[in-house]
Structure formats: C-alpha cells, structure tokens
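In what follows, a single structure is set out as structure tokens and then discussed.
Going by the order they are written in, the chains are A, B, C, D, E, F, G and H; count residues from 1 in each one.
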Amino acid sequence: GFARLDLQRVERTGDPEVVFGRGKTPSQVVAALRALHEAHPEGAVLATRLDDDAVALVRAELPDADLDEVGRTAVLGKPRPPHGRVAVVGAGTADLPVVRECVTTVSVFGAEPDMVLDVGVAGLHRLLAQRDRIDSADAVVAVAGMEAALPSVIGGLTGAPLIAVPTSIGYGWHLDGLTAWLATLNSCAPGVLTVNVDNGFGAGVAAARIARRSR
Amino acid sequence: GFARLDLQRVERTGDPEVVFGRGKTPSQVVAALRALHEAHPEGAVLATRLDDDAVALVRAELPDADLDEVGRTAVLGKPRPPHGRVAVVGAGTADLPVVRECVTTVSVFGAEPDMVLDVGVAGLHRLLAQRDRIDSADAVVAVAGMEAALPSVIGGLTGAPLIAVPTSIGYGWHLDGLTAWLATLNSCAPGVLTVNVDNGFGAGVAAARIARRSR
Amino acid sequence: GFARLDLQRVERTGDPEVVFGRGKTPSQVVAALRALHEAHPEGAVLATRLDDDAVALVRAELPDADLDEVGRTAVLGKPRPPHGRVAVVGAGTADLPVVRECVTTVSVFGAEPDMVLDVGVAGLHRLLAQRDRIDSADAVVAVAGMEAALPSVIGGLTGAPLIAVPTSIGYGWHLDGLTAWLATLNSCAPGVLTVNVDNGFGAGVAAARIARRSR
Amino acid sequence: GFARLDLQRVERTGDPEVVFGRGKTPSQVVAALRALHEAHPEGAVLATRLDDDAVALVRAELPDADLDEVGRTAVLGKPRPPHGRVAVVGAGTADLPVVRECVTTVSVFGAEPDMVLDVGVAGLHRLLAQRDRIDSADAVVAVAGMEAALPSVIGGLTGAPLIAVPTSIGYGWHLDGLTAWLATLNSCAPGVLTVNVDNGFGAGVAAARIARRSR
Amino acid sequence: GFARLDLQRVERTGDPEVVFGRGKTPSQVVAALRALHEAHPEGAVLATRLDDDAVALVRAELPDADLDEVGRTAVLGKPRPPHGRVAVVGAGTADLPVVRECVTTVSVFGAEPDMVLDVGVAGLHRLLAQRDRIDSADAVVAVAGMEAALPSVIGGLTGAPLIAVPTSIGYGWHLDGLTAWLATLNSCAPGVLTVNVDNGFGAGVAAARIARRSR
Amino acid sequence: GFARLDLQRVERTGDPEVVFGRGKTPSQVVAALRALHEAHPEGAVLATRLDDDAVALVRAELPDADLDEVGRTAVLGKPRPPHGRVAVVGAGTADLPVVRECVTTVSVFGAEPDMVLDVGVAGLHRLLAQRDRIDSADAVVAVAGMEAALPSVIGGLTGAPLIAVPTSIGYGWHLDGLTAWLATLNSCAPGVLTVNVDNGFGAGVAAARIARRSR
Amino acid sequence: GFARLDLQRVERTGDPEVVFGRGKTPSQVVAALRALHEAHPEGAVLATRLDDDAVALVRAELPDADLDEVGRTAVLGKPRPPHGRVAVVGAGTADLPVVRECVTTVSVFGAEPDMVLDVGVAGLHRLLAQRDRIDSADAVVAVAGMEAALPSVIGGLTGAPLIAVPTSIGYGWHLDGLTAWLATLNSCAPGVLTVNVDNGFGAGVAAARIARRSR
Amino acid sequence: GFARLDLQRVERTGDPEVVFGRGKTPSQVVAALRALHEAHPEGAVLATRLDDDAVALVRAELPDADLDEVGRTAVLGKPRPPHGRVAVVGAGTADLPVVRECVTTVSVFGAEPDMVLDVGVAGLHRLLAQRDRIDSADAVVAVAGMEAALPSVIGGLTGAPLIAVPTSIGYGWHLDGLTAWLATLNSCAPGVLTVNVDNGFGAGVAAARIARRSR
C-alpha cells in the first residue's frame, strides 16, 4: 500500500489516525478512510483538507460519509457520544472554513462543538453579547486572522482553557498569517495557547481532549 | 559646526527642526537646542531620546528647559497656544515612556495632549469607561506593545483620526516590536495609521498637525 | 446570510461598513452592496478589490453603481458633499490602481480628492512643479513602490498631514513591497504616517477623516 | 500609583493578576505583590521574571514569600488545594529555569505539578522509562530547546492534553528559539499546543486550568 | 552547444557531472545524458529533477535508461559495483520522492542503498524495530519534513555518519521547509550533517562517497 | 605570525592588502601596518575599523601614520598622486563616520575625494545647490541611512557612475540597515550600484578604481 | 497617454529613458519604444523584460527592432559607437538570460560587451583560462546564482571595476536569490559592487557608464 | 546533581558524552569533565565553549587537562590512536577559533587532524598549493565566513567527503553567519554537507566518524 497506517494509535492516545487529504489522490483518500473505518468500526474516522476531486469521489464511493465542503472534511462512522462543550469562536466571515474544520474535528474527537461566528473586535458589542456562552464552555477555540486581537479580548473575559487559531486571512501584507500567529503568541492575556496558521484540526483535537476530560 | 541645522524648515513645514539625542554627545545636544531656540525664540523647541548624561548637562546648562526623564525629552521655550486636543492612549504601564514622548511632542507641535493610561484589552471595562473622552478628541494616538490589539478595538469605537504606535514591549519572542507593528498594519478597523516601533515622537508630530488644523 | 453586516458602525464611527470584495462571490458582493445601500440611502457605499466577475455582475445588477476597473471599486449612492481636499500623489504609472482606490475612497468618505500622477523622484522637476497644490491640501497621500523615496521628499516640502502608501511595485527582489514599507516607516521626514502595502483604501479613509474635520 | 491593578480579574477569569517582574524596579515588585496579596488573602499570588535585586528586596521585605532563584519567581500566600496533576517534562538541564517557572505557576493556579527532567530524545530510554507517569497526567507540558523534538515524541505516546514550550536554548544559530518554536508548531503529532519561547508561565496557567477542571 | 560539460570532473572528484533537469528542455536533457554516457561508458550517468515531458522523451529516445517517476530521475549505463551500504530512512509517505532521488544517487555514486520507510517519531515502535539495520550501515541518510525530529532520534541511536535531509513537507506555516532545515541544523544529537531542503541528490552523493571509502 | 599577508595582491589587482582592524589586537594592527608598509614603501597602506586602543597604539608606535578618529582609519606612507575625482555625498550628520572611511579609502586607492555633507532629501535645496559638483565627478558615492532616498534622487540628476552605501542609521525599527540596503537595491534610478551596510571602505575602493581609470 | 516619458533624462544623465516591459501591454511597449525612438533618433533605445506577446507585437510592428528572445529585450535604432570594453562573465548556463540582458544594455549604453560563459568555480580551470580577457576589460560584470562564489574569485584576480549580479538560480531553498545576493554583498574581495537579483539591466547601465569614461 | 550524564552513549554511538561549557558554571564544567573521565578512563573526554573562568578553574583543578584558549576546549585523558586523516581548512585568520575547536574534536573522536590555514579564495594560489594535501585526506572540513566561497571551490577540486562550517565572521551585514550558511547549503559543488554556524565541534564529530571508518 501507499502508506502504513498507525492502527495502534488509538491504544496509545485514545484516538485513531486521521487522513490528511492534501497531497493524496482521491482514491488514496477513499482507501485510507475505508481502512481506518474498518479498523475502528465503533466510532467515527476523519479526513481533512479534501480538494474538490476528493470530495466527489468520497460522495460517490462512500455514500455514508458526512461531507463538509466549506470545512473540506469527511467523516465516516458515528462519533462517540460527546462529553464536554467546546466554544469555537470565529472573528470574521472569511475565517469560516477554519472554524468548520475545527467544529467537525471536535465532534469526531468526542466533545460537543458550539459555533459562535462573526464577533470580531471592530464591533465589540457582538462579542460581549456572547460572553456567557463562551465563559461556560469547557474549552474555547478563538479563530482570527489579520491582527488577531480576538483571543486576547476573550482571554480577558474568561478563565476557560483557550486555544487561538491564527488564520491566513488579511487585506494586505500579512506574511501568510505570520502576523496573526505572532499576535496570538504574544497575547497580553495569560495562558493563551496556539496552533499553526489555519490549523483548525489541531485546535479541535486539543480542545476535544480537554473538554472530554472535564468534570 | 558638527551639523547644519535646517533653519528654513519652519517656513516649509510650519515647525522647526528637532534635536534627535541618540548618537549625539551631551554638549552637542545642548548646543543644538540653544541654536534652535535662538533661531525660533517665539515658540518651543524639542530634543528627544536623551540619555542620562544629556539630561544632566541640559539641567546644568539650560536651567529653563523642561525635562521629562521618563519620556527622555527636553523642551526649551514656551509652546504656542494649543489648538485641538489629542488623546494619547496607552495599553500598559510599560508603554509609558513612549506615551510621554508623544505627549510632549503634541504639546510642542501646537495641540493639547490628553493622556489616558493602562487601558489594555485584557480588562476591557477600563477602556470602555474612557470611550467618550477618546471619541471626542480631534486625533487619537494608541500606544500598545505585545499583540497590539488596542488600536483595533479603539478603531471600532470612534471615527476620529487614529494613529497606532507599536511598542517593543513583550513577554517573549516578539522580534523587538515587529509583532506589534505587523498587528497595527493589519488592523481589522479601517483607517488605522501607523508609525515605526516606539516612535511616540512621529505619532505626536502627525497628531498635532491633524488636531491643530481641525475645526 | 453569509455575513452579519455591522449596521451600527455609522453611529459609532461616522461611516458605514465597506464591502471587501476579495474572497466573496460576485453575488455576495452585489447582495452586500445592496443591503448597505438600503441601510444608508442618504450617502454612498463602497466595494473594493473587485475581480472581473464581480465587476460584470455589479454592472448588470446595479446599473446605478459607479465602477472603476483600474481601482477595482464600485460605489452605490451619492457621496455626501465633500469638506476639505486630499492630494493623492503617485510616484509611477504602475502605482495607478492604488492611487485610484484611494481617490474613490476619499470621495465616499466625505472629502475632495485631488490626483497628482507620475512625479517619482528620479525626475524631481515633475514633483517640484506640483508643490503648491500639495502643500495647500488638507491631507496628503503619497503612493510609491520600489524604494519609496517620494514620501520623504514630500515630507520635507510640506507640513500637511501626510500618509504614505507603500506599493508592491518593483523591478527585482523587493519582498512584495516590504522594501517600500520599511522605507516609509523609516522616513527621515518627521510625522510620516503609513498603512499596509497597497492599502489605498486605508489611506483614503484616514485622509478623508482628517480633511473633513479641517477648518 | 505606577500601575492600575486589575483586581476584578479573579471574578472574570478565576485567577488574580500576576506581577511580571521584567522592567519593574524591586520596590515596584514588592509593592505590587503586597497589594495583590492584600486583595486576595485567601490564596497565593505570583511574581515572575525577577532579577537579582528584586529577589533580594522580596527576601528582605516579604519574608513569608516563597522564592525560587532558578525559576526567578516569588509566591506570597498559600496556594489553594490542588486538583489534577500536570507533568512538566524538560528535555535538557539548560531548560531548567523554564521548567521551574512552569512548575511554580501550575501550583499557584491550582494544580499539582510533577517534574520530569533531562529526558531529551538523544537518549530515548530515559523518556520511555517515564511514559506511564506522563500518560496518566491530566495535562502535560513539554519544555525543549534546540530542535524541540521532545513534544512530538511525547505526542505519539499519550493522548493527554499537551502543551509545548519551545526554549531559547541552542548550540549555534537558532534565532533565539525560533527554531524550537517553528518545530512545536509543525509537530507531526496531532493536537500539540504551544506558547511563546521560554514562556513557562503561560504554559503553566493553561495547564493548571485544564487540570483543575479535569475529572 | 547550450552548455559546456565538465568532462574532467571524474578525474578531479571521481564522479562524472550530473544533469540537473530543472530549467532544461527535454531535448537538452536527452542530449546531455547521451554526451555524458559517451564520455563515461564504463559506468552510470544520472539526470535528476525531470518533469513529465523530459521523462517521456528520455523513454522514447534512450530506451536503455532506467527511469524513476517518483524520484524524477533517469540513469544511463550500469552503476559500478557498490562498496558499502547506505541506509536511507524516510519519516513519512510524503517524503518518498526525496528518499527515491537519494536512493538512486547512492547507487550511481557507487554504494548500496537500503531504503527504510515511514518510521516517523509519532509512532516510535516503527523506528526502534529497524534500529540494527540502521546502526550497521556505513552511512545513514534521514529524510524528514515538518518538525524533522527523526534525525535527532536516530543520532541518539547510532554513531554511523548521519546526514539529515529536511523536506518541504508540512501541514501549515512551515516556510517551505525552513522549519525542518533549522531543526536539522540544531539537532541535539552531535555530528548531524545536513543538506538543503529536499536535496536527496546532495545527501546521496555525500553518503555514497563516505560508504564507498569505508572498510 | 598570526596571519599570512597577501603580498602579491598588488600585482594581481593594483592595490596592496588592507588591515581590517576589527577582531585584531592593537599590536597585531601595528605589526600588520608595518609589514605592509615595508612591502609597499612607494605608496600608502591602510588600516580600517580601529577601536580606541588600536588608535592609541598606532599613535604611539607609528608616529608617521595619519589617523582619523571619526572614520576609524590609519594611513601609513604617502598616497600616490590622485587621478580622477570622487564625490562622496553624505545624507546626514550621523553618516559621517562612513563618509570619512570612504574618503580616506578613495585617497589611498589613488583618486581625489570630494566630500559633500548633510544634503538629505528632507531639505532638497541643500542637495540641488551641490548638483554641478556632483555631476562633474568621475564617480559618486552616496551615503545614506534610514530610508536611503538620497541615491535615487542623485541618480535622477547625473549619469556619473554611482555607488550607494546604505548605513545602519535610523530612528526606530530598521533592521540594522536592512531598510536602507533594500532601498538602494530597489532604486528607481537606473544603474545604482551598492555595497554592504556601512561599507564606506568597499565603496571607496570601487569608486577610486573607476575614477583613476577615467579620462 | 498611459505614461509621461521623461524626455529630458538624456540631458541630465546622458542616456534616454528605457521601456520596462513587465506590467505593460504589448501595444504600450510598442508605443513607448516608438515614442522614445522618435525623441532620440540619433541612437538606440531599449525595452527590457518583454513577454512572448510583446516580442510578437514588436516583431510585427517594429520590423527594424533587434530582438533577443533569451534576454527578453528589443533595441530600436543604432547604438552609438562603443568606447571601452565590458567583460560580462556568467557562472552557469542557467544564468544566460541575465547575461544577455546585460550584454544588450552595455551595447545600448555605449560600450562594447565581451561575453564569457559557463566559468563557475566548481571547475576553476575554465575561469583561469579566461583571466587575461577579464583583467584587461574596462569593467567586469560577474553573473552568478546559487552561492555566487564567482565574483569573489574574480575579485581576487583583477583590480578592474567589478559588478556582481546575483541570480535567482538555485537547486533548493535559496530564497529567490537572497542567498546569492547576501553572498555578493559579503564578498571577501574588496570593492565588489552589486545590484538587485537578476538585474542584468542595472549592471549593464553602470558598467557601460564606467567603461565609456575610461581612458 | 545538576545533570544526568548519558553514560551509555558510548555503547550506542561509540563516543562518550561531551561537556558543552556555555551556560554552565566553572565548577559544573569541572565536575562534569571529572565524572566523564572516571566513566571513560580508557580514552579522552572533551569540554567545549569554555569561558575564561572555566578555563582558569580547569587549569587549577584538572592540571592534566589539555587546554586550548583559542578554540575554548579542554581535553582530559589520552585520545585513542587515530585512524584516518581529516583536513581542516580555514579561509581566514578570523576563522581560527572554529578551526581549532574542530581540530581538537577530530582528535578526541579518533582521527588525525591536519590543519590548513588562511587559504581564502581572494588569493587562489594559496589554496591551489595545498590541493594534494586536501584531496588525499579521508574527510575534509572547510571553515569559512563572509560569502563562504571556499567549500564550493574545494568541492570542485576533490571527491573526498566534504563538510562546510559557515562562520559568523563578516565585515558588515551578514546576519550573524546566515549569509555563509545559506551559501554552503546552496553550493554549486555536489555533495557539500553542512553544520550550524561556527559549529566546529559538530563538523569534527562527523568528520572523525567518517575518517575512522575509512580504509
């Protein structure tokens, strides 16, 4: 086969391997999803970063798969019952694909996602109106591009575990998200965690693991 | 002499030349201040970025000079009567030297400075309490380090001309202020202007020129 | 809807929200322009960074819109009567799209734009011939790529509020405009303000706000 | 006063403000610690990044404070009873100051720290010997400099929430920790979270918040 | 001709020149391979970085050539009998093209390649199972992208000469392989050598030269 | 000896080796100057980048040496009669050390230096007044820091061979001269040549070689 | 018209303006060439960086133009009789387009180009064989990519004025020519001048100006 | 103890652990050297990067240690009999400390070092005179700063395994050795290996391992 799947990962870490779609042919994606589903029939398995061709082939060959064309994900099998809630908060409309990748990942990794959209800091009232919903979550993911001020503002409003996802969204010279990335790593709010630019998947894995262990 | 002062600058731009203290000996600073004051006796002249030795010599030789040891400035002569008000807003206590350099510059360049301190976004209530004072100014300068979220939040609260000053303040790897700089240039609030890192002087010049022309 | 428009922005900042065309489908652009125009019938609303498809659909569906195919903008509604004049000065012919985006923005945000073209410093006589027109403006925007020497030269000729727009124009290795950007932030003329690379829109918002408050 | 303490932070986030020692005079550190302790007598308050002078003055003026000269921290008051355990794992001996800053923070923020030292990947047997202790923790912090391979290896061995702290430790050209930072953000293990270079404090805050909410 | 081949290189360095396919037309590649083969009929000559068109023309015009469409190489002539063994170890499936370019180069340059695939550190058991095969080689090449932890782990397991090849494989912001490159240059294992990103060819040349001189 | 002087350089290139003072002890500088002077008694030999200790020892041990404490150079022996004139133009007073290093080098390498100071572009009249002197030179060196606009403006005024020396002078974040360097390499005036930041020596060597070959 | 040609440039600098083809439509290129030719009928005018469409239209509409499809240039009119010789030395075959752009420019700007190809330092004998031809030139241009060692080696062999052109040619991660650029600016040979990456035009202008003034 | 020595490393890799002096107190260095010597009495153990205080204490407490104050190393015990020869070639006098660190390391790791100094490419005859000595070595280390042309020139003269050590030596802006580093990684000679900037130790380990396995 084209790859050696790590089928023991679920024993070591509690979660099966995931299919990373970029750089794989559509039939490789389908084959990997199928193999993982067979190895882990009791839960859901996930494929991310699917291009249009991969989405089309998954739809044709795996009709039971749950496809998200905005978040570019496919899920095969039924996610385990969730424990804990993750607020996934997006600053602007352009951050939606990253938010959706995160939401799906949270669900596959065993927690309940709660999506809060378009609450960027240039219109603070929108964020303040959602404050309680965010503060009561078991983990918070804050997705933001440009100058990525949102995680800092949220970090001042809640003590829930908080993961920032910088995105590569910007109007001009932003170095493909470096600006947002540097911002999240230099947040003036204590305890803000971060992942790589646009990595909704990584944030979702971590947030779900935090939430599903919460009391 | 060690330098050729540009004594016609006031005709071309409305303001006399300024003494940049870094890289000058204390006696050069004193000589330059004196020469500028003689050429422009009707108003105030300014020296910036003074080290301890320069401050000491200015105190000894120019007893009429107004010294600010935090902002590292000296002013000789009486500023012209101010027109217009500039709100100079600082995010944290560590930004104070930059705020003070800006405040003094605003005053020398002909506007009234209004200092608002320690209103960083990790405790939003502090900023919201000062909103009217900021919104009613003729120009606003927002001084902030780390991820520099403050200018974006202010830019969503007012349509007054707004200048961000990124500062080189940070807790870890922030590239000597590049993080804050990139943030201000990528603000999600429209029309945020910026100057170089820690450049309270440049922001003060621009803000005063805007305020003193306002109706 | 695909986005939550910030219809209260005009109360907070004096200007309505703007449609940023990049990353939106043509029909999203048209829908957003229409919604903003309905919410703000008394003045003009703006869309920027339109691609060819968006221009075509705006032309077909919003025949009253004012389209600029060089500056990639559309304006719906009649701009309020201007107050104050903004000189928008461009260094080279390749800077024209950024100049035009700025000019349109100035007009929508309530000031009168005055366009001065092709006055780069490699042929100084061209700039010196326009000196009075620039010096008498209420605000100046200087658009320049490559080494971006123009803002510094203008900053030595006038004390009007001055905003530099670095552009991503260059002959060789210029880091997508970083060269010009660093140059404007390190100008030897005091008080030069800057915005992000190619951000004629941001400069136009700020310049109009300065000019329309001027006496 | 020199600073406006955010005494309501404990209500908003569950934890009091912390004194960041860098850039403060020893007497400012002492005054801030004292004020925070008075406002929060029921628990512990923390000061970080103390230089030698600050340590000396804290020792003289606040004899009850708990000082760590390696981690550069001071704690005043008794930490609340811990809930949950955080494994703080260090790759090399040079990472010790960051490990200690993290350990103290974990304790002040309400969880039990469990320190595992000198288990860098160039001698894998040392890490494998500690595997169960790490896997059974409620949160894991992995502190590593140079190429920062440790978090990836740990991420393959456990599904516990995992925070990487890149450190500025290296033998040659490592860009003050950028190398380690980039490594942690590009970990091949899913769900690795990160903080800024050398930010043991930030990792400790986040890890404690995760652990103290765990079941 | 379009190029001046360095036909004396074999006398100076022991190996003939190699055809670098990028930037050459298919017929230039064929002509160069033919000319080198005629000048060095006793051994094998190599072309690297062939695009699809070059592969097609080589197949048509040089039917004796040995083509590798994954590694993008062509070999004409019979490699000399190998001396010494080079373990070429790949971290993930996406690193395969670089591994294959290296394997072919090792063979053309006179050593025996031994390919070990998909042994990334997120599943350590896979690498530990291959330890003896790696440790007994005369030289080791470790190919890895993302955070490139593999060379460090191998460097702790063997004292064989070890060359790391960072690859441009990554999930998010990794600066086209800079992350992996910095990692290999900062390895905590002593004596790790490196080549440029994705440069399987360079590593293969060096490893073969080491192995073929070994006792 | 501590170094192997290249005494045949004068035959190959027309000029003797030069003593680069940085990183040498004062007695090494004196010994090298003396050895070069003995090998080349007919002309002048040069030492650059001397620190205070080296200047003192040269003064004590080589009383015939010509010392420049601003440019940090020493010259031993009489420069050959000059051919051709080099205009060395400095933008600001802080560029003086670089200007002086260049002027001395021009003289030692066989041309006549003509120093023009403090003609930065923020006060254009000063430069325009020196135009003929610059245009009639056989080579021009333009020394400028900050945004380094001067070489472009000069390049529009003359067709004489033109070398830009970016300097590490700036008010804020300028990346130790990278800003000026990028500016000179992206000049909008055709044919601007450049050397490394602060390298007055390199520009002087090249300019003298151009001028002394001119008709 | 689309641009304001600087027809007085020939009086100020001795050479007419040049048409930079990038970013211009084919008909704009043709129009500009024609206009410059009419204004300067006595000599040659030049267009650079022509794409395939521009080449085709120039061929159709300006049959007298001299076209170089490798160097991407067009020349209209007869170059003035040359004075002085410029050796244009290329390291590898991939540097040919830059060499050819330089050669044509030298000719249009009034000197005689002398092309020396494929003499990279990995086969030194080739360069040493051309030493006299290079040393006797009035100016030397050294074009090299990758690590750009060629200019340093040439700079040790001759005292002729020497301009390095770093090129964007490389095998792996070379940052679009930054590697070569940094190398030329840090040459260990004194007096090496440089231009931007791939800027054969700029080097040709400068070299011709040096050569045509030589005795 | 302050550190956990990896006493099994000699079994895994054939060589004992090494004391890295930077960041250790003098008494820690002495203690570590002593402990390693006791664990490995049959051979030599090494400490690198010793500051003046560490050198003094080693001299006082370990009189049998072999100290090199230029290379900043100490050796305790007698190196095993060497097998194979490593040519350690230095470009300039300023590279000497790195050359010496490498030479000592080669000896401790079991091969015979052969030092060739001051053969930079600006005076090629010096290098060509040493060609046979370099070509006949079992491994070659080429140490060079500035533009680091030396490894490429050597790589064209020999097929011996070749390791480049870029150094942080330069005259101006060279980014602390990044220039040399990029150069070595982009060498036009095939098979050049590299280590981190100034890492004479790493190159010495690798070169000795190559040489001692050679026939």
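Everything below uses one rule, namely that contacts are C-beta pairs under 8 Å (C-beta built on N, C-alpha and C of every residue); 3 or more make two chains touch, one makes a residue touch a chain.
Just so it is clear, the model here is predicted, and its values are computed rather than measured.
Any chain bridging chain G and chain H, meaning touching each of them, is among E, F; the list is complete.
Taking each chain's centre as the mean of its CA atoms, H is the chain most distant from chain C. Two chain pairs, E-G and A-D, are compared here, and A-D has more C-beta pairs in contact (counted per touch definition above).
Taking the mean Cα position of each chain as its centre, F sits at the greatest distance from chain A. One inter-chain figure worth recording: chain A and chain G are separated by 51 Å, centre to centre, where each centre is the mean of the chain's CA atoms. The mean-CA centres of chain B and chain C are about 26 angstrom from one another, to the nearest whole unit.
Between chain D and chain G the centroid-to-centroid distance comes to 57 Å (mean Cα coordinates, whole Å).
Computed from the mean C-alpha positions, the centre of chain C lies at a distance of 42 Å from the centre of chain F.
Multi-chain contact residues of chain B (touching two or more other chains) are listed as 9, 12, 122-123, 155-157, 171-174, 178, 181, 185-186, 195-196, 201-202. By the document's touch criterion, interfaces exist between A-B, A-C, A-D, A-E, B-C, B-D, B-F, C-F, C-G, D-E, D-H, E-G, E-H, F-G, F-H, G-H. Chain H meets chain E in the complex at residues 9, 12-15, 18, 138, 155-163, 181, 185-186, 190-196, 201-202, 205-206, 209-210, 213-215. Within the complex formed with chain B, the residues of chain A that make contact are 91-92, 120-124, 146-149, 152-153, 155-157, 170-175, 178-180, 182-189.
Contacts from chain E toward chain G in the complex involve residues 2-4, 6, 8-9, 20, 22-23, 168, 176-178, 181, 195-199, 201-202. By the touch criterion given at the top, residues 93-94, 117-118, 122-123, 125-126, 169, 171-174 of chain D touch chain H in their complex.
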